[in-house]
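Here come two complexes built around subunit A, the first alongside subunit B, the second alongside subunit C.
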Partner chain A sequence: MILTRHKCMQKERIQLNELENEELIYVYAFLPAQEASSEKITGIKGIDPNNEVKFHTRTELTAVICKVPATDFAEENFKQNVENIKWLQQRASHHHELMNTLHDKFTILPLKFGTIYENEERLEQMMSEYYEQMKTILEEVQDKEEWNLKIYSDPQVFSKKVLEENREIEAKKKEISELSKGKQFFARKKLDQFITDQIKAETEKKCKEVHDKILKFSQNAEVKKNWEQKVTGRDDEMSWNCVYLMETGENVEAFTRLVEEYQKHSVEENEGLLFESTGPWPAYHFANFKCLTNSVKS
Partner chain B sequence: MDNQSIKQSTASNGLVDILETVLDKGVVIAGDIQVNIADVELLTIKIRLMVASVDKAKEIGMDWWETDPHYSSKGLRIQEIQEENEELHNRIKQLEENSANPNNNESST
Partner chain C sequence: MQTESLKNKDVSLLDILDAVLEKGVVLRGDITISIADIDLVYLDLRILLSSVETLMEARKKPGVMEMEQKIKEAERGVAGYGTETDTVSE
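Take a look at the complex of A and B:
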């Protein structure tokens, strides 16, 4: 009995030691090897502060990597670590900042936070497997950047507008007040739903108008899910959330100008819309293999 | 007017914006290690609650951990001072008693 327990403990210790010495490869991005050879990156601390960010080139592609200890990044340990918001915050911010630095210097295919390979062989295997697709994506995102636009709407402004534009609502309300109590409840519910739907249609129409204009000077777009109020913690509603891929320079300037004009107009006319744009981001949403075939430009 | 300024951030994007971008996107290439942290919405709520609760706690004076030695070094220092204070009080009391005693002795003789 004692002997088996002792054996078990020994085994556990070996596993822990194995993990301590093991190194994994954290991958940030891919870039064309010829760009990587023209400019060096040295002395940049990686996601593991004890290791530097390095290039790993295989034929025409270069991976931007950092060696990381398995004690932090092996699947189970990593899973536990990301539960810790502070740990996640520091690493995600580092990932983001390093990606911005890379994006300033190179054409990059940015990867999602937490893309890890077991060893160099596995990384190289993947690089040769996806070589053609990566090359196509790199060509697509060259000299481009990503911008996110969120449009928030003031429900009060929009409900007022809906009530003004739908005179029949007033009449309907009067009609309902003359019904029996039981019937009133359902009729009122139905009317409320109608008003909510109208508000939604109205805000969507407005946002779509802005979106269609932006599409004229963007190369790709991905409409994202609107966040609920419990997520944003705001009083107004998120009515539009979309990322656009745009050529650096004129396109981005036109986008910024357009958003500014719409914002100004909304304030002057009390339209109840608030525009928030963030960028430039590396083309995170468009360095996606699935994006290759379906362009959202419809 | 605040409404007229459009929020545009670059290097200093807010944490939620960063998480939305670096976590919440389609899979590009699967790594060998799979950790799914795609639920940015839940994460956002968590972050907001965390921030809100710290501020709120301070507001209503519930910042006890700042003085609790278990949670903060400031608390540890306060505890040390308190102990030192207590010791000094005892010492003074003792000295006062000692200096009062000779008088007692004198009056008794």
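Take a look at the complex of A and C:
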């Protein structure tokens, strides 16, 4: 009994030692090898501060990588680390800043945070396996950038509008007040739901109108989930959250102008909409392909 | 409109996480994370590596009477839109 336990402990120690010496490969992005050969990146600290950012080229593709210790990035350890907000904040910010630098210089296929390969062979295997797919994506995102638009709506302005435009609500309320107490409760709930739905429909209609116009000068779009008020910590409601892929230059300028016009109009007419856009982002949302996030077992 | 250039680093951590995390930022249950420069961030980072789980709809919807009260207040300028958002966005 004691012997077995002793053996187990020895085994654990060996595994830990193995992990300490083991290095994994963190991958930021892929770019055409041709572009990579024209410009060097040297002396940039990687996501692991002890290692630099490097290019790893295989035929026509170049991966932007950094060696990382398995103690930080092997699956189980990584899972624990991302729950530490300080750890995550530093790494995610680094990932984002480096991606911006790359995006400034090259056509890139940006990867999500935490894409890790076990070794160079696995990385190269993946690069040849998905070569065609990556090439297509790189062509799609060339000379383009991503912009995020969030539209917030003031619930007070919209509920006022809904109450004004739906005369039957007033009549229904009167009807309800004449009902018995028990019936009143459910009738009110129903009416509440009706008003809430109307408000939602009204804000969605407005946002969709803006969205449709933006689509005219964007190459791709992905509607994202609205953040709840708990997340935003704001009093107004997020009613639209969408990312657009746009050509750098004229398209982006048109987008900015359009959003500015809508904002101005909303203020003048007291429409209760607040527009917030961020960009340019690398095309994070338009560079998706399956099987990229093979995490490594520890 | 507020247009934030990514180059001036003013984009919030939440925005960055929503872009760079595999599944974006999702709220689940009561996971609350507090950071120095950001008031409160509710994240579910577990979804990074596990499958999607049921999200909790915790927000209480105001009733008709409450809403009417709010509108009346707004009309009296007690809780104007402009002033409120100004304080929030700061």
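The rule is simple: the second predicted complex is superposed on the first by the 279 of 298 C-alpha atoms of A that agree within 3 Å, B and C clash if a C-alpha of one lies under 4 Å from a C-alpha of the other, contacts with A are read in each partner's own complex, and residues count from 1 in each chain.
Keep in mind that, in the parts below, a contact is a pair of C-beta atoms (placed from the backbone, for glycine too) under 8 Å apart; a residue touches a chain by one contact, two chains touch by 3 or more.
Since the structure is predicted, the reported quantities are computational estimates derived from the model, not experimental observations.
Peer 1: Since both structures carry subunit A, what do subunit B and subunit C do when superposed there: clash or fit?
Peer 2: clash
Peer 1: Which partner does A:E209 contact after superposing on A: first (subunit B), second (subunit C), both, neither?
Peer 2: So A:E209 meets neither subunit B nor subunit C here.
Peer 1: Just to be sure I read the superposition right, which of the two partners does A:V157 touch: subunit B = first, subunit C = second, or both, or neither?
Peer 2: second
Peer 1: Which partner does A:E170 contact after superposing on A: first (subunit B), second (subunit C), both, neither?
Peer 2: A:E170: touches no partner chain.
Peer 1: Looking at the overlay, does A:E118 come into contact with subunit B only (first), subunit C only (second), both, or neither?
Peer 2: After superposition on chain A, A:E118 lies in contact with subunit B alone.
Peer 1: For A:E139, decide between first (touching subunit B), second (touching subunit C), both and neither.
Peer 2: In the superposition, A:E139 contacts neither subunit B nor subunit C.
Peer 1: When the two structures are overlaid on chain A, which partner does A:G272 contact: first (subunit B), second (subunit C), both, or neither?
Peer 2: Touch status of A:G272: second partner only.
Peer 1: After lining up the shared chain so the two structures overlap, which partner does A:D197 touch, if you call subunit B first and subunit C second: first, second, both or neither?
Peer 2: After superposition on chain A, A:D197 lies in contact with neither partner.
Peer 1: Counting only touches as set out at the top, which of subunit B and subunit C does A:E253 meet: first, second, both, neither?
Peer 2: A:E253: touches no partner chain.
Peer 1: Tell me the contact category for A:L109 with respect to subunit B and subunit C: first, second, both or neither.
Peer 2: The answer is first: A:L109 touches subunit B but not subunit C.
Peer 1: Can you tell me which of the listed subunit B stretches (42-50, 60-68, 78-86 or 96-104) runs into subunit C once everything is aligned on A?
Peer 2: Comparing the options 42-50, 60-68, 78-86 or 96-104, the clashing one for subunit B against subunit C is 42-50.
Peer 1: Residues on subunit A in contact with subunit B in one complex and with subunit C in the other?
Peer 2: 75, 79, 82, 85, 88-89, 92-93, 95-97, 99-100, 112-114, 148, 224, 227-228, 230-231, 233, 256, 259-260, 263, 274-281, 284-285.
Peer 1: Once bound in the complex, which stretches of subunit B touch subunit A?
Peer 2: Interface residues on the subunit B side: 1, 3-4, 6-11, 13, 15, 17-29, 31-35, 37, 41, 43-48, 50, 52.
Peer 1: For the complex, give me every residue of subunit A touching subunit B.
Peer 2: Subunit A residues touching subunit B: 24, 27, 73-75, 78-79, 82, 85, 88-89, 92-93, 95-97, 99-100, 109, 111-118, 122, 126, 130, 148, 224, 227-228, 230-233, 256, 259-260, 263-264, 266-267, 274-281, 284-285, 287-291.
Peer 1: Which of the residues in subunit C end up touching subunit A in this complex?
Peer 2: The touching residues are 1-7, 9, 11, 13-22, 24-27, 33, 35, 39-43, 45-46, 48-49, 58-59, 61, 63-64, 67-68, 70-71, 74, 79, 81, 84-85, 88-89.
Peer 1: Could you please specify the touching residues of subunit A with respect to subunit C in the complex?
Peer 2: It is residues 75, 79, 82-83, 85-86, 88-89, 92-93, 95-97, 99-100, 112-114, 148, 152, 154, 156-157, 159-160, 163, 173, 188, 191-192, 195-196, 224-225, 227-231, 233-236, 243, 256, 259-260, 263, 272, 274-281, 284-285, 293, 295 of subunit A that touch subunit C.
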